[in-house]
Amino acid sequence: MSLFGFIEYPDASPEVRAVYDDIMATRKTDWVNNFWKSIAHDPSTLKRTWEDIKQIMAPGALDPLTKEMIYLAVSVSNQCNYCIASHTASARKAGMTPEMFYELMAVVGMANETNRLVNGYQVDIDAPFQEGWRK
Amino acid sequence: MSLFGFIEYPDASPEVRAVYDDIMATRKTDWVNNFWKSIAHDPSTLKRTWEDIKQIMAPGALDPLTKEMIYLAVSVSNQCNYCIASHTASARKAGMTPEMFYELMAVVGMANETNRLVNGYQVDIDAPFQEGWRK
Amino acid sequence: MSLFGFIEYPDASPEVRAVYDDIMATRKTDWVNNFWKSIAHDPSTLKRTWEDIKQIMAPGALDPLTKEMIYLAVSVSNQCNYCIASHTASARKAGMTPEMFYELMAVVGMANETNRLVNGYQVDIDAPFQEGWRK
Amino acid sequence: MSLFGFIEYPDASPEVRAVYDDIMATRKTDWVNNFWKSIAHDPSTLKRTWEDIKQIMAPGALDPLTKEMIYLAVSVSNQCNYCIASHTASARKAGMTPEMFYELMAVVGMANETNRLVNGYQVDIDAPFQEGWRK
Amino acid sequence: MSLFGFIEYPDASPEVRAVYDDIMATRKTDWVNNFWKSIAHDPSTLKRTWEDIKQIMAPGALDPLTKEMIYLAVSVSNQCNYCIASHTASARKAGMTPEMFYELMAVVGMANETNRLVNGYQVDIDAPFQEGWRK
Amino acid sequence: MSLFGFIEYPDASPEVRAVYDDIMATRKTDWVNNFWKSIAHDPSTLKRTWEDIKQIMAPGALDPLTKEMIYLAVSVSNQCNYCIASHTASARKAGMTPEMFYELMAVVGMANETNRLVNGYQVDIDAPFQEGWRK
């Protein structure tokens, strides 16, 4: 059970309802998922987190599907079960097919493997990789 | 200094040279980066790792740029300096612009933040997220 | 189910009972939580871990509430569900209010976010931060 | 070298300068550390991250020293060298003594140890810890 | 429920069945565990992962029990519940006794603790440890 | 530079010297590595950590080489550079050959990979793996 329980829409303060309304309008859904209803006990965290997410996940140089897959990749790597379940759902909604998911998982697994080979073999960074973006 | 030092092409066995040749041909480059020259002390790990990477990073349902950005996202999240430097370079080569990088980092940072909010607030998984892909 | 099951007080050896007694006396409770009853299968780990915790969590330069919140911060960051649940309870017992918890989570989330921005942007350590404590 | 180099004050846009000014005014310092000068290449990330940090680290239910120590605890646990160096400096500025640091490290180390004992022994959560905050 | 559900033997393609058969023959069992039946939705990941595991876990310079205990140590450190459960079972099958398990957990816990003390105290690497394997 | 600098033997208190003497006697060496000289600023952490390590790393159900390799596996997985360098040295001293190191790294890499595949595919624990050790 979520630590403080959920703040449901009818019980929410106007401040919290305004965030819930914006979440539903932005996502074109008629419900708010448990993450938001759990952190709503702290309205400033609710508002700040939602505004950050809304800004960061909006289409930009990267499209929404790519952003959702990156979010999922990090959540899988960090083993956050809630985040894996919710962002698998969001990524599907944004167009992720099973084939995309399979390849995403393969890359996440491989990166986690080679990250450790690098650590253990104590690999020095190649000079061309140290020049920063300016090269 | 890399733990065992680097195996340079002229000093490499035919087995190791074959992998180096395939790396350069696949990547259309004329050099091999330190990761491969460090793990080449164990030819079976060199060969297996390269063949896995070659298969996984090939274009498929996801394009090479997306795959490189996912690799970078995981490496940043895991704090593997070598991997961050080398995959930033590969992603740039595959077409990542500074604007894409900025958005990638924003998503990685945000995912790491909300992963922990979820943990701390002990958020239960919503029923619709538990239905698996079959829904 | 805990891997080896729990060693309950009536079934415990005198060596294990002595640790259980000290846990209850130190914490002023009349029960022992599952962590101790799970590791009691290895009395040397039980004794060493308890003595370490007792020494480390005792009031000192930091008060017990601060220590419990730090313990919780690390457990949330590492996503250890048992530790999150048990140290949320201990921190509450030591005086953590909901408002303190909210702020604690906000800091933990933020630290996890900026840790990754630093990794990705490959930020160099400022000279003043490299001088150690002696400055 | 930081990936894109640093944006120094004289070279900064008005938007970036406004953030730098607010950082210096809030912290009562006359310089801006490398983290901000590295992410300033993306003004929206600079602004969002600073505003979040400013809000989260302000005195509230927890005092600034406690918040800095929690930030440091997470950074140490995540092994982010830049963040460890910079938040050790901020925590000292907020009043952390060597004795506080020693105890902080002891708690962080211990939490990382017991988090893994819990994982390995597969400890079930005690019923009283599952009741949430409402008990 | 596993994301895509399980592919059971009777429903498997010849390609997937060939991997299942090899798993059962190599391990001398008459069943295939959920990990394989979950990733079998992507036959190329199934085949690659199995072939890698089969090669890596075969007896070599390290015996199978040592390899299983290392696998378990990493899984405990990463808090992967499925992997902890399955590799505890494999390690037992390879000969791990409760006493070995207790010591394994003690080492994993201790390593996680001292890793963080090193981070926090910013310990420099001793010159003799920097010489690589060639010394 | 280590945060507080090193406490060298001639400058050490009798309490710290006693630990240094025991480290050198136990390890049959004539020097103390930087880790101990860094944490010696807090004699209680020095003493507790050394006594724990001495107890945990002593030969028991697992031999010292196996214990050192497990310590190294965790440190590689956690990316602690100091710990990787120092425990590679200790494992070599305990008899680790290059071939053992290669296989150790292969297992650590593979475990990190499959841990994430499990997370992403949300694999349920098989019933036989849930029965605990008692089966």
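We call the chains A, B, C, D, E and F, going by the order they appear; numbering starts again at 1 in every chain.
Just so we're on the same page, contacts are C-beta pairs under 8 Å (C-beta built on N, C-alpha and C of every residue); 3 or more make two chains touch, one makes a residue touch a chain.
Quick caveat: nothing in here was measured; it's all calculated off a predicted structure.
The chains touching subunit C as well as subunit F are A, B, D, E. Contacts with subunit B and subunit C are shared by A, D, E, F. Least step count on the touch graph, subunit B to subunit D: 1. With every chain reduced to the mean of its CA atoms, the largest distance from subunit A is reached by F.
For the two copies, subunit B and subunit F, the CA superposition rotation is 120 degrees, given to the nearest 5.
Listed options B-C, B-D or B-E contain a single repeat of the C-F interface, assigned here to B-E, on the basis that more than half of the contact pairs agree by residue number.
Placing every chain at the mean of its C-alpha atoms, the farthest one from subunit C is found to be B.
Subunit F has its Cα centroid 27 Å from the Cα centroid of subunit D. Subunit D has its Cα centroid 20 Å from the Cα centroid of subunit A. Each chain gets a centre from the mean of its Cα atoms; for subunit A and subunit F, those two points are 34 Å apart. Those residues of subunit A in touch with two or more other chains are numbered 1-4, 44-45, 49, 52, 77-81, 85, 88, 98, 102, 104-106, 108-110, 112-115, 117, 119-122, 130, 132-133. Under the stated contact rule, the graph of chain-to-chain touches is complete, every pair of chains being in contact.
If you check the complex, the residues on subunit D that touch subunit E are 72, 76-77, 79, 81, 84-85, 101, 104-105, 108-110, 112-117, 119-122. If you check the complex, the residues on subunit E that touch subunit F are 1-4, 33-35, 38-39, 45, 49, 52-53, 56-57, 60-62, 66-67, 69-71, 73-75, 77-78, 80-83, 85-89, 92, 97-100, 102-104, 106-108, 110-115, 117-126, 128-130, 133.
Every residue of subunit E that touches subunit B in the complex is listed here, in rising order: 1-5, 44, 48, 52, 55, 130-134. Residues 79, 88, 98, 102, 105-106, 109, 122 of subunit F touch subunit B in their complex. Within the complex, the subunit E residues that touch subunit A are 3-4, 41-42, 44-45, 49, 78-80, 132.
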